[in-house]
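Both of the next two complexes hold chain A, though its partner changes from chain B to chain C.
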Partner chain A sequence: MKVLVIAETKQGKVKKGTLELLGAANAWGAEASVLLAGAGVAGEVDTLGRHGASKVYVADDASLGMYVTAPFAALAVEAFKASGADLILFADSELGKDLGPRVAAKLGLPFIPGAVSVAPEAGKVVAKRTSIAGKVMETLEAPLPAIVSLKAGTFEPKEVGGSAASESLSLPQSDLRTIVREVLKETSERVDLGDARIVVAGGRSVRGPEGAKLIEDLADVLGAAVGASRAACDSGYFPHACQVGQTGRTVAPDVYIAIGISGAIQHTAGMTGSKVIVAINTDPDAPIFSIADFGIVADLFTVVPLLTEEFKRLKAGNTVAV
Partner chain B sequence: MGPILITLMLIAALAAFGYYGKDKLNLLLRARKDITFDNLPERVKGLLVYGLGQKRLITGDPSSGWMHALIFWGFLILLIRSLTLIAMGYVEHFHIPTFVGAGYNILKDVTEAVVLVMIGYAVFRRVVIRPKRLENSRDAWVVLILIAILMVTDFLFDGAKFALHGGAGGWAAAEKASAPIGSLMAMLFAGAPQAFNQAMYVGAYWIHIATLMGFGVFLTVSKHMHVITALPNVFFRRLETSGKLDMLNLEDEDAEKFGTVTIADLSQKQILDLYTCTECGRCKTSCPTFVTDKPLSLKMLNDQLKHHLVDEKANLLAGKLDELPPLAGSIISPDTIWACTTCGYCEQACPVFIDQVPRIVEMRQNLVMMEGDFPQELNKVYKGMERNSNPWGIGYDKREEWTKGLEVPVPTVAQLKAEGKNLDILYFVGCMGSFDERNQKIARALAKILNAAGLNFGILGKEEGCTGDTAKRTGNEMLFQELAKFNIEKFDSYDIKTVLTTCPHCFNTIKNEYPQLGGNYKVMHHTELIDQLIKDGKINLTQAFEDVIFHDPCYLGRQNNIYDQPRAILDAASKNGVMEFDRHHQNSFCCGAGGGRMWMEETIGSRINEERVREGLEKKPSVIASGCPFCLVMMKDGVAAKNADHVRTLDIAEIVAESMVIPLQMAGGNLQIKVDNPPTLPKTSDENHEA
Partner chain C sequence: MKILVCLKQVIDVELNVQLRDGRIVEEGLQYAMNAYDESALEAALQLKDKTDCEVVVLSMGPDRVADVLKKALAMGADSAVHLDDPAVTGGDSYATAQAIAAYANGKGFDLVLMGRQAQDTDAAGTGPMVAEILGLPQVTNIVSLEQESDGKFLTRRVGDDGREVVSVDAPAVITVSNDFGEARLPTMKGILGAKKKPLTVVTLADLGLDVSKVGAAGSKTQVVGREKPSGRAAGRKLTGEGPDLAKQLVEYLVNEARVLA
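Now for the complex of A and B:
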């Protein structure tokens, strides 16, 4: 069994998702090779080796500093041919979502995206993934060779203390039809809404910049992202980038703290996937309480500063004042 | 007066008319044919009432309406005068003989005076009143001046003629006797030298004739082409409201594109619409998007399309359709196309029945189905509808959760069938009533009412799907037809005859658009049913409310002509009867959620719902009542934004449920209701729109 892992890097370092894929290959006792493409990434061969890669195909070039579909797809095809792999693994990331289908199409291989468990069997691969908005689990199988992308956290990365041979791949110049010059990010100190494990969201009841500040303070102490209802964004209390809901962002953090949000469906449509929902609202009949795991019926101007203080105290290592 | 000259002038005018008119006619003839003579009596009636009768002009804006009507009728009367004047070109002494001529002379003089006064009023409007719907327009001034010249020169001509030849024994004496203003003018000219009167007589005549010819030619190159096309446009009007959009044939294997891409895709009626628009701007006075500063002015849209049509005439007539630019983006901004709430205000306000909504939806169809270019918020909506048959994408299996914990359980049609029980009505709950916590309360209130009235009703539960209204009106016809076929199949599998909805959008779609896909049912909105139940004495209301104002949902009122039933219900439930917004009935102002706008961000201009709530709050209501889940959400949001939380926003079903006198045997709650005499189902309002 030979597995080819498509590595992802960020600022020259291999991402955790890639190491998880190597963890999968190790768990199956498969021979793992890696495609490592990027700018200034050659130093990561050792890391990959330590995590169980036996061979690394390196394409290290300034032009690969930012992800562009065409050359990465060409390199993946080349690495597949060179490695003779039975299975290509992608992380189910933005890169995996973009590149996976292209590589599958170029090679004419079956592709199972977004698997949450995967097991190679004789001549085939069997993978499971959720479907119909998480309601059912479907089991799919594909004959080898095949391509699978894995959800983050499906396997654990594990250091096995090996080392990898490296081989340079030449750069497919002709495919460089797109050149990314710059990636502009909205600079924010805070965590991005989509990545955040905790979201603190405010509604219209924050009533102004002072109220919005309370939400932001709580978010900062929790290391959380700030979300908001449409009404709060329209009123100018929060930037529109913060909007969660049907017409805004859809988030699914571990904890979603809805403050002064009544829980109209247009808002909850963007956050019901959250693992734990905490609601703070003065109206005990607010629909938000029907989906919340924990609820506080109180004025946000009273309770939010208290929460912020308590979390500060907790983080400083002090015991909770009751 | 000059047979050769008048012949030359007639030839020149006809040649110019033909030269300028020919292209426009050819552009019309080459377009997709959709002009039809079906339902001839209705068309003739419309021509008489709205065309010759000028009904919409007068009811829509009485002062300018009467002005226009008087000028229009005046022109019809003066057509005969124009013909006699031309005849005088050949036979100077020509006049209509006998008392007919005398009578006509009086009529003509009065008419010309009235028209002249109306022209004066028109100038006054444009200079002093300046209504917001009018932009300054060169064409308008040219026409006002031409008409004024026509009236004045005719008076001058008559005056000089009668001064010269109207004396005792003169050949025009009889004519003079029957022309009141002409003889007044003659008195004025009486003292003038003969040579002056002779010059006036000849000069006024030829200026009049030249102006008349010029006027005719000017029609073909200006917005005043409506003088020629308005009556045909009224005659060939769409007989349905835009609540009933046409179905797109998706099975057509030869179709290379869907929707409107370029100007070449407009139909004949749509081109006639463009020719007919006079830019009066009645379409925008209560247009929710125009009033809140969005880049959609329907008359401008007509204007842009018309100019583009004329600009591209070479390509169009040469069949070089590939050279034409797509409308969206290059001629019409996408923001314009997506701003429309499809409320239909513009269409009912237009005196000459110009269609707007179908054209906008056809442009959306192209953007959605061919280009995949639409507001990103719709991505989630389409996906939700595709996978779970609701716009939020909530699990379809949660559709009947609103029935949990009800005192009297609501059965599904499947349960009733399994138990062999009767079904009077299918209550089609809709996505809002099924999933939205706020609207679930309305569904529960309606269930309570139906139980109190002893009706055998059921729901489809998990087997219900989205009707597809949003998909249809945002141009995703493919998705709409899929959703519609799913529901029709379900209805038919349970042999459903009568469908009741709480959502006017569901109501409209099932009633007007499902028949095109083979689904024919009796469809009722809950306000129709409740009104009938009250009239039949099946439910009794106390006047538990006060100061209730009613907001007309567009898809109930304008699009389906249901105005009276909701008001009758509220009258019964309120101490002081129903209150009205300033803009109500046909003139009602949309909440901003129709046409798929419910699911899109409103980032341009001010918010439509806040404008509507502002208007309502002026009346100091305690409750804003509606009969539409979308309107309700918009009103609720608007009330919150205006910090007017003391005003309740309620659906009519909730008001009825709160006002209902519960019969004693119901008080226990769990009793099964038995009614020996089940109520007869009311008739639906199938009357023609604006009958």
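Now for the complex of A and C:
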């Protein structure tokens, strides 16, 4: 069994989602190769090797600094051919959603998007995924070779201590039909939403910049990423890149703290994979409580600042927890 | 300018979904225009508000999909096409893309606008596949769209690291996020006017597309089972005084769930 992982990077570093894909290959005992495309990324071959890649196809060039479909699709095809993979794995990120189906159509291969469990068998892959905003779990089958994208948190990254051989891919011909003019810097220097171990998310009821600040302060003391509901993003309290849910990102942190979020299915579709869910809401009947491990029925404006203080004290070593 | 907007009729996801023998029970379901496609249509109509532009809407499916086409005409689309063929049902994104591409091919569309995903499949696969089959550039998950003086389209899309400003040459396939903004409502005048607009029914034979390319036969993936997800159980729910609640939560995360190292 041979697996090709399509890597994603941010500021030259491989994202956690990519290491999770290697974790999958590792769990199946498969031989893993990786396509590592970007600008200033070649230094990550070691990291990939340590997480179980035996071969890394590298395309490191300034022209690949921003993701655009055409060159990445061409590189994925080249890496697929060179690796002889049975299965190509993407993260179910915005990049994976843009590139996975394009590459599938290019190669004429089956595409299973957003899988939450995958088992390669002889000659085929069987995967589970949700549809209808998380209301139905489907089991899909496809013959190999196939392409599957995995939701965040489906597999754990694991250091296995190997090392990878690297091979440079030649750069694809440029296709100037699509040009990324700029990436708007809206997200802060906080940890990436997809990589975060803790996510603190705010809803419509933060009501304005002061409320949003309470969410950000709590996130900062926890070293967490900030998430948000669609209503909160639409109201301009948080950038759209923070949105978690069916339209937004899927996250699977250790802790997800939903603050003033009702728990609409379109929101929960993006966070039910979290290990621990905490909800803070004034309405004891809010649907979010039905999936929360720990719920607090309280006004966020009272309880969030207290929580921030509590965590500050904890951090200062002055443990209040008994 | 000529724009094709692909509209899927989806089941209302807010309603209860029942399963029987691994299939969704059709009885009692209600249908609506896919929310993402409504945004795609709104994007097309906004271009039409500004420039001379013909908006054609396409939907594939049984008789009932005429409802979304009529709604689109009432909202302002110029003409509608219903790809009505029993063979198209049950297709995955790949099979769906074959049919849409077969319709769009050679008709001189400057833009093919689609939803970034269908609310029922949550697949987000069809747009990029249509783009590949037609050999066109793609921009996915856009939240704004305008035409520039040189004919290129300027979009903003939500990518993994924030919003990106992306320009694309026509013709192109663009998929639209429902964060594009609320779609307009059909007006009374629009509803009356819609009755005079053309709604054409086409079949696979009209498109010269073999039945083996679409529906379940043309799909590369097969759904072999459906079940209700096991879901998460509710844990504890506390009420009380703020300071005490805050302490209890910290205690839970640190000492019980042990998720804060």
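Everything that follows uses one rule, which is that the second predicted complex is superposed on the first by the 179 of 322 C-alpha atoms of A that agree within 3 Å, B and C clash if a C-alpha of one lies under 4 Å from a C-alpha of the other, contacts with A are read in each partner's own complex, and residues count from 1 in each chain.
Convention: a contact is a pair of C-beta atoms (placed from the backbone, for glycine too) under 8 Å apart; a residue touches a chain by one contact, two chains touch by 3 or more.
Note that this is a predicted model, so its numbers are computed, not measured.
K.L.:
For A:T282, is the partner it touches chain B (first), chain C (second), both, or none of the two (neither)?
P.N.:
It touches nothing on chain B or chain C.
K.L.:
Which chain, chain B or chain C, is in touch with more residues of chain A?
P.N.:
C
K.L.:
Identify the partner contact of A:E310: answer first if only chain B is touched, second if only chain C is, both if each is, neither if none is.
P.N.:
After superposing on A, A:E310 lies in contact with chain C but is clear of chain B.
K.L.:
After the superposition on A, what does A:V180 contact: first (chain B), second (chain C), both or neither?
P.N.:
Touch partner of A:V180: chain C, not chain B.
K.L.:
Looking at A:K135 after the superposition, I want to know if it touches chain B, chain C, both of them or none. Which is it: first, second, both, neither?
P.N.:
In the superposition, A:K135 contacts both chain B and chain C.
K.L.:
Can A:I265 be said to touch chain B (first), chain C (second), both, or neither?
P.N.:
both
K.L.:
Quick one: is A:A231 in contact with chain B, with chain C, with both, or with neither? Answer first, second, both or neither.
P.N.:
So A:A231 only meets chain B here.
K.L.:
Once the shared chain is lined up, is A:S117 touching chain B (first), chain C (second), both, or neither of them?
P.N.:
It touches nothing on chain B or chain C.
K.L.:
Could you tell me if A:Q246 is touching chain B, chain C, both of them or neither one (first, second, both, neither)?
P.N.:
A:Q246: touches chain B and chain C.
K.L.:
Regarding the shared-chain residue A:R204, is it in contact with chain B (first), chain C (second), both, or neither?
P.N.:
In the superposed model, A:R204 contacts chain B only, not chain C.
K.L.:
Pick out the shared contact residues on chain A: the ones touching chain B in one complex and chain C in the other.
P.N.:
On chain A, the residues that contact chain B in one structure and chain C in the other are 132-133, 135, 230, 234, 240, 246-247, 265, 269, 272, 290.
K.L.:
If you look only at chain A, which of its residues touch chain B in the complex?
P.N.:
132-133, 135, 204, 230-231, 234-235, 240, 246-247, 250, 263-266, 269, 272, 287, 290
K.L.:
With touch defined as at the start, can you tell me which chain A residues reach chain C in the complex?
P.N.:
Checking each residue of chain A against chain C gives 8, 10, 66-67, 69-70, 93-95, 97-102, 104-106, 108-114, 126, 129-143, 146, 175-187, 192, 194, 198, 222, 230, 233-234, 239-241, 243, 246-247, 249, 254-255, 265, 269, 272, 275-278, 284, 289-298, 302-303, 306-307, 309-311, 314, 320-322.
K.L.:
Provide the residue numbers of chain B that touch chain A in the complex, in ascending order.
P.N.:
377, 380-381, 387-388, 391-395, 397, 435-438, 599-601, 603, 607, 633, 637, 640-641
K.L.:
Using the touch rule from the top, collect the residues of chain C that touch chain A in their complex.
P.N.:
11, 13-14, 17, 19, 24, 36, 92-94, 97, 116-117, 119-129, 131-133, 137-141, 143, 156, 158-169, 172, 177-179, 220-232, 234-240, 242-243, 245-247, 249-255, 257, 259-260
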